[in-house]
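The structure under discussion is supplied below as structure tokens; questions concerning it will follow.
Labels run A, B, C and D following the written order; every chain starts at residue 1.
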Amino acid sequence: MKAINFTPRFWVAASLILFVLVVGVLGPFIVRTDPNAVIGGLYDAPSMNKLAMWLGTDNEGQSVLANLVNGIRTSLLVGLLAGIIAMVIGLIIGLVAGFQGGVVSDILMGITNIVLAIPSIVVVILLSVALNGRNAVILGFVIGITSWPWTARAVQAQSTSIRVREHIDVARLSGARWISILLWDILPYLLSYVAMAFVLQVSGAILTESALSMLGLGPSGETSLGTMLYWALAWGSVRTGAWWAFLPPTIMLTLVAFSLLLLQSSLDEVFNPRLRRGKLRKRPRGAATPVPAVASPQTLGSSPLIEAPGRAGRTAGASSSTVRDGGVA
Amino acid sequence: MQFAKYIGRKVLWYLAALIVALLLNFILPRLVPGNPVDAIVSNMSRGGGATGEQMKAVYNNYMQQFGLDKPMWEQFLIYLSNLAHGNLGTSFAQYPASVNKLVGQALPWSIAIQLPAILVGWIVGNLLGAVAAFRGGWFDRGAFVGSLFASSMPYYCLAILLLYIVGVKLGVLPISGAYSFGLSPEPTLAFFGDAITYWWLPFWSLVIVFVGGQAVGMRSMSIYELGADYVNYGRGLGLRDNRIVRYIFRNAMLPQVTGLALSIGGIVGGALITELVFSYPGIGTTLFNAISQNDYPVIQAITLIITVAVLAANFLVEIAYGLIDPRIRAAQTGDR
Amino acid sequence: MTRLLEATHLTAAYQTGGVEVRAVDDVSVHIDEGEVLGVAGESGCGKSTLGAILSLTARAPLYVESGTLVIDGQSQDLAVGSRIPRTWRGSVVSLLPQGAMNSISPTLRVRTLVYDVMRAHNARISKNEALDRARDRLKELELPVRVLDAYPHQLSGGMKQRVVTIISTLLNPRLLIADEPTSALDVSSQKALIDMLKQMLEQKIMSGVVFVTHDLPVLRTVSDRIAVMYAGKIAEIGPAEEIATGPKHPYSAALLNSVLVPEPAFRKKRVRGIPGSPPNLANPPAGCRFHPRCGLVMPDCRTKEPPHVGDELTFSACFWSAQHPGEAVPADKAVPRHIDDPTELDLPAAGATPAHAATTEGANA
Amino acid sequence: MTQSVVRDDPALAGSHEALFSAREVNKTFGHGRRAVEAVKNVSFDLNKGQITTIVGESGSGKSTMARMVLGLLPITSGTMTFEDRDVTKLRGGARTAYWRDVQAVFQDPFSAFNQFFTVRRLLSRALRLLGDAEAGQAKMEEALNHVGLSGPDVLDRFPHQLSGGQRQRVMIARALMMSPTMLVADEATSMLDASLRVNVLNVLTDLRDQLGMTILFITHDIGQACYLADRVLVMEHGVMVEQGPTDKVIFDPQHEYTRRLLSDVPRLHD
């Protein structure tokens, strides 16, 4: 394959993400303090004497640093779990709908569109209310099963356009089975989109988790970045100026969201050459129109809920013709 | 008439989505183990103050209102008929306050911080994104990274930071509530002048994030359009740059207009946490209280309103698109 | 005959990721009043780039390094950084792109574009005057006037191409640069377009046309003179008739040889293509750029720039032509004979993809 | 519109054996009022060891016809036979068996390739259909040699490392590896430059002359049809308007559409 030119932006994003991962994965092994252990009083200021006190104590006299590293781990767990669930469901539905076509596709996309139209925050809130005994895994699951339609839509649009490429016919004529065609002739073309969608799903899930936690629907008995903020707000740390209680989780959340979005946009530039300005190639004759960026999945209540029809319409033109008679010289 | 058919199909889809949403809204709170009315009544009795006779009346009232002694399908019909009458029920936690009243009090505050933020953010963000795409160079780089950062920032994180820096550290704006203690909402200049000081912080925390998101979107749409053949042809015909920019906008704007409409649709549930951070008495704070008090009627009412607003906005957008964009119209009606 | 255009020493390059690909390298073109100059060549030879330079629409990542345009005695420097008056585009030279592309913004009606184009050159023109101009044109050329109210997607390919042609010539440009206008069309629409262009020339709507295409038979029907481009340079230029019947450059001969037309002669003979591929323009071969594929190659060709044999309107850039002035290249000797199917030659050098292959991949990758 | 013209000399009808026959083939896309009849009542024979060309402009249904011949697209009505077997509605194993006999080369030399596969991977996949992965390397090289490519040079290259002409030849080699009796080439040269195009066309004529292969060549370019074809079929808007030996159809067209088409073709010499 052609060597991919990763932009500096990609490397910045990658190192930020690596940093967060290291803190979340290795942090709990370095900061050995039990996040639930009371090691001081209400909002003791940070001191450099003890590792556990580097970020002071929270409203219950627990180590903020210990809570932070464990909270990052929980948030990452929720994000990855939700992202994987959403990706798997979305990929399967999108692939089947895109590749199968016909009635199966209509039904699957109908379901997808309905789920897409209902704000997922509503479903997440209702589900969380209905479930007691919430933990990180259950939350990840709940968020995952409400956020797959995005991936499904993107995958379906892409695989529909790939389905009419001639290399699929060539594969069929070579006697390849449909599963082999799906795995080797369609999936590789989708990977870039799936990767980008996954990154956004993970980031969206982490933010949704903290929003839920701040509404009081977070995991019970576990620390996440959201529950830290919940307690920090409930016990007035902002008003009393106890910055060490609310600033670390705020900054970490921002860092996670920013680095994942940066990663997505740099991947977009790599995969979607038209966004690379100044590097436009000469337009070849008869080349397929590149599909614009994957629309972002909704994070808690702030993004548009349906993919802008304009983009869909623009890309559909390249792939929708069934009567394939190109007399183009 | 093809277009009527198109609208008809859309109506059916959104009706289906609405029914699914209603079902979820109806069923999920009923999955909570135990009878919610039992729970709430025992809660009330523990607080003392209510006699057995009163408890009995309250219990009967709830049982009748929700029809909890009846089969599920009948309960659902009761639920639908209540909704059809615009009756969202009675609050558990603040008995006998009606949910309509609680939500009605909260809604204006949510709209007051969000609608201006969405409109201002949309206009500024689109201008910024379009100019960045067209100008290129350092301006583009700066605007893009800045917008990307602003848009990626969780809006409640920005709210917390603003609250701390501007409200607590600098102490220039009030940090909690929507108006000063002792005042009550009334249409006077004095009240307005007071309330606006409370309004600034939540507004800014939303508008900055929104500007970022719009700018990023507009920039990539514009860059995409800049590479289009009609741009090159327009230049070849000697059109002025501003004329070509107008063509680009026209095409790049369509998805952005959708974004605006959908954001307005998301207005009810768009900034729940912002309100929590600033203790602003809107829907978010109401929801937060309801969750902490297991006030299911209020939770249900809020999720329902969020859903209906979003569905309505989506629906209007699709209809508007069918009217505006000749390409969509052609694709839908088979006109070639 | 008076000279309409003198474009001299045109050089332009694509700059992508630090690599400079000189797609047009020191090319000069002269056109007389009322003339159609055809520009022929294969993918990646620089013919469309030449079109972009002449139509003043070169833009990043294409940079014009040098070149001067003299039209009607007015001179204009084309190199990057020189200010080209906006109104030259459209009224002095005008671009006719391939209409199958989105040449008209999809959300624009044809009449809006018509009005905008007229207004861009005459701020005081009224909407009605502008549209009347277009209506008259449409009537003269026997096209339905209602196309003005259409959106581009409502027009068929052939009709869209003709509408775009009318828009391109609304301002009676001195020179029309047509870039592959017929390439996406069926033969009947091709013919209709060519007839229309000829009619417009007769009516003196424009005074000259540069017609860029890879389709030699089309060029033969439309042009007075033909320029054959190879690897960023003009290999041969001359009267269409002469090029078609007695090409003086081995490349034009080989190219013409590989053109298939429905004539009885083609039923029997075995036509041979040109072995190998065009060179990578990021690293073109020394001397004559065609020498690795040429059947008449001689030692000088490998090291020295070939001389221009002839005058500015008719010449062949070739050492063989210099030795055989006025002679046509023997058709069977234009490409190496001994290699009937030269596999080795057909392979691009290791690590380097041929220029045209690289451009095709760009958008698909 | 005048009647469909069949120009074959009835006296010679027995001299060529039909390998493939299509009778009254129809293809309709979509339903109800949106239905588009892409192919209407088309009947023709492909004679053994001949190159037959379908000529038509865009929208003539010629590529739809090619895909139906290949069994890639179900036909709406009509019958198709191959070596006297009915191949109208093939599915599953029977269709796979059919593809051992009938292979194809497509229009776009780029999109016909899976860009993630090397030439070797592309070819070895085809070998599996033959159930003969053992003979692999030798078979691949033989097929590549046939189209004028050398195995070691191209086998480990990705499609973007090949030129357009080479890609098309690799595609032909892929088809050849199945040792098909019939090859369908759908606009196989229309995206190639003239000088490369001829080389690919020559490969096709060599296949006919040396291996006796039957070829269905789809094109919009009458010049190529004239150069290549033994028989020419002309399609217009889904209808087969004229068919017969190349010399008759191209140099003495009877149907008005064929005449118009020929008169519109630009010539190189007056």
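Operating definition for what follows: a residue touches a chain if its C-beta (ideal position, glycine included) is under 8 Å from a C-beta of that chain, and two chains touch if they have at least 3 such contacts.
From a predicted model like this one, the values you see are computed outputs, not experimental measurements.
Colleague: Along the shortest chain of touching chains, how many steps lie between subunit B and subunit D?
Modeller: Minimal hop count between subunit B and subunit D: 2.
Colleague: Would you mind telling me which chain pair, B-C or C-D, is linked by more contacting C-beta pairs?
Modeller: C-D
Colleague: State, to the nearest whole Å, the distance from the C-alpha centre of subunit B to the C-alpha centre of subunit C.
Modeller: Going by mean C-alpha positions, subunit B sits 55 Å from subunit C.
Colleague: Just how far, in Å, is the C-alpha centre of subunit D from the one of subunit C?
Modeller: Going by mean C-alpha positions, subunit C sits 32 Å from subunit D.
Colleague: Between subunit A and subunit D, tell me the centre distance in angstrom, where each centre is the average of that chain's C-alpha atoms.
Modeller: Here subunit A and subunit D have centroids separated by 46 Å.
Colleague: Could you grab the centroid distance between subunit A and subunit B? Build each centroid from C-alpha atoms only and quote it in angstrom.
Modeller: Each chain's C-alpha centroid was found; their separation is 21 Å.
Colleague: For subunit A, what residues touch not just one other chain but two or more?
Modeller: Subunit A, residues with two or more chain partners: 2, 274, 278, 280, 285, 288, 327-329.
Colleague: Could you say which residues in subunit B touch two or more other chains, in rising order?
Modeller: Residues 251, 254, 325, 327 of subunit B each touch two or more of the other chains.
Colleague: Of all the residues in subunit C, which ones touch at least 2 other chains?
Modeller: Within subunit C, residues 186, 214-215, 360-361, 364-365 contact more than one other chain.
Colleague: Touching subunit D in the complex: which residues of subunit A?
Modeller: 1-2, 165-167, 169-176, 184-185, 188-189, 285-286, 288, 322-329
Colleague: Show which residues of subunit B lie in contact with subunit C when the two form their complex.
Modeller: Contact set of subunit B toward subunit C: 228-230, 232-233, 235-240, 243, 247, 250-251, 254, 325-327, 330, 335-336.
Colleague: List the residues on subunit D that touch subunit C in their complex, please.
Modeller: By the definition above, subunit D touches subunit C via 57-58, 110-111, 115, 148-150, 153-154, 160-166, 193-199, 201-202, 205, 220-227, 246-247, 250-251, 260-262, 264-269.
Colleague: Help me check something: in the complex, which residues belonging to subunit C touch subunit D?
Modeller: 42-43, 157, 186-188, 190-191, 194, 214-218, 220-221, 244-245, 254-256, 258-264, 266-267, 270-275, 277, 341, 343, 346-348, 353-354, 356-357, 360-361, 364-365
Colleague: Which stretch or stretches of subunit C touch subunit B in the complex?
Modeller: Interface residues on the subunit C side: 55-57, 59, 86-91, 94-95, 97, 101-108, 116-117, 120-121, 151, 153-154, 164, 167-168, 171, 177.
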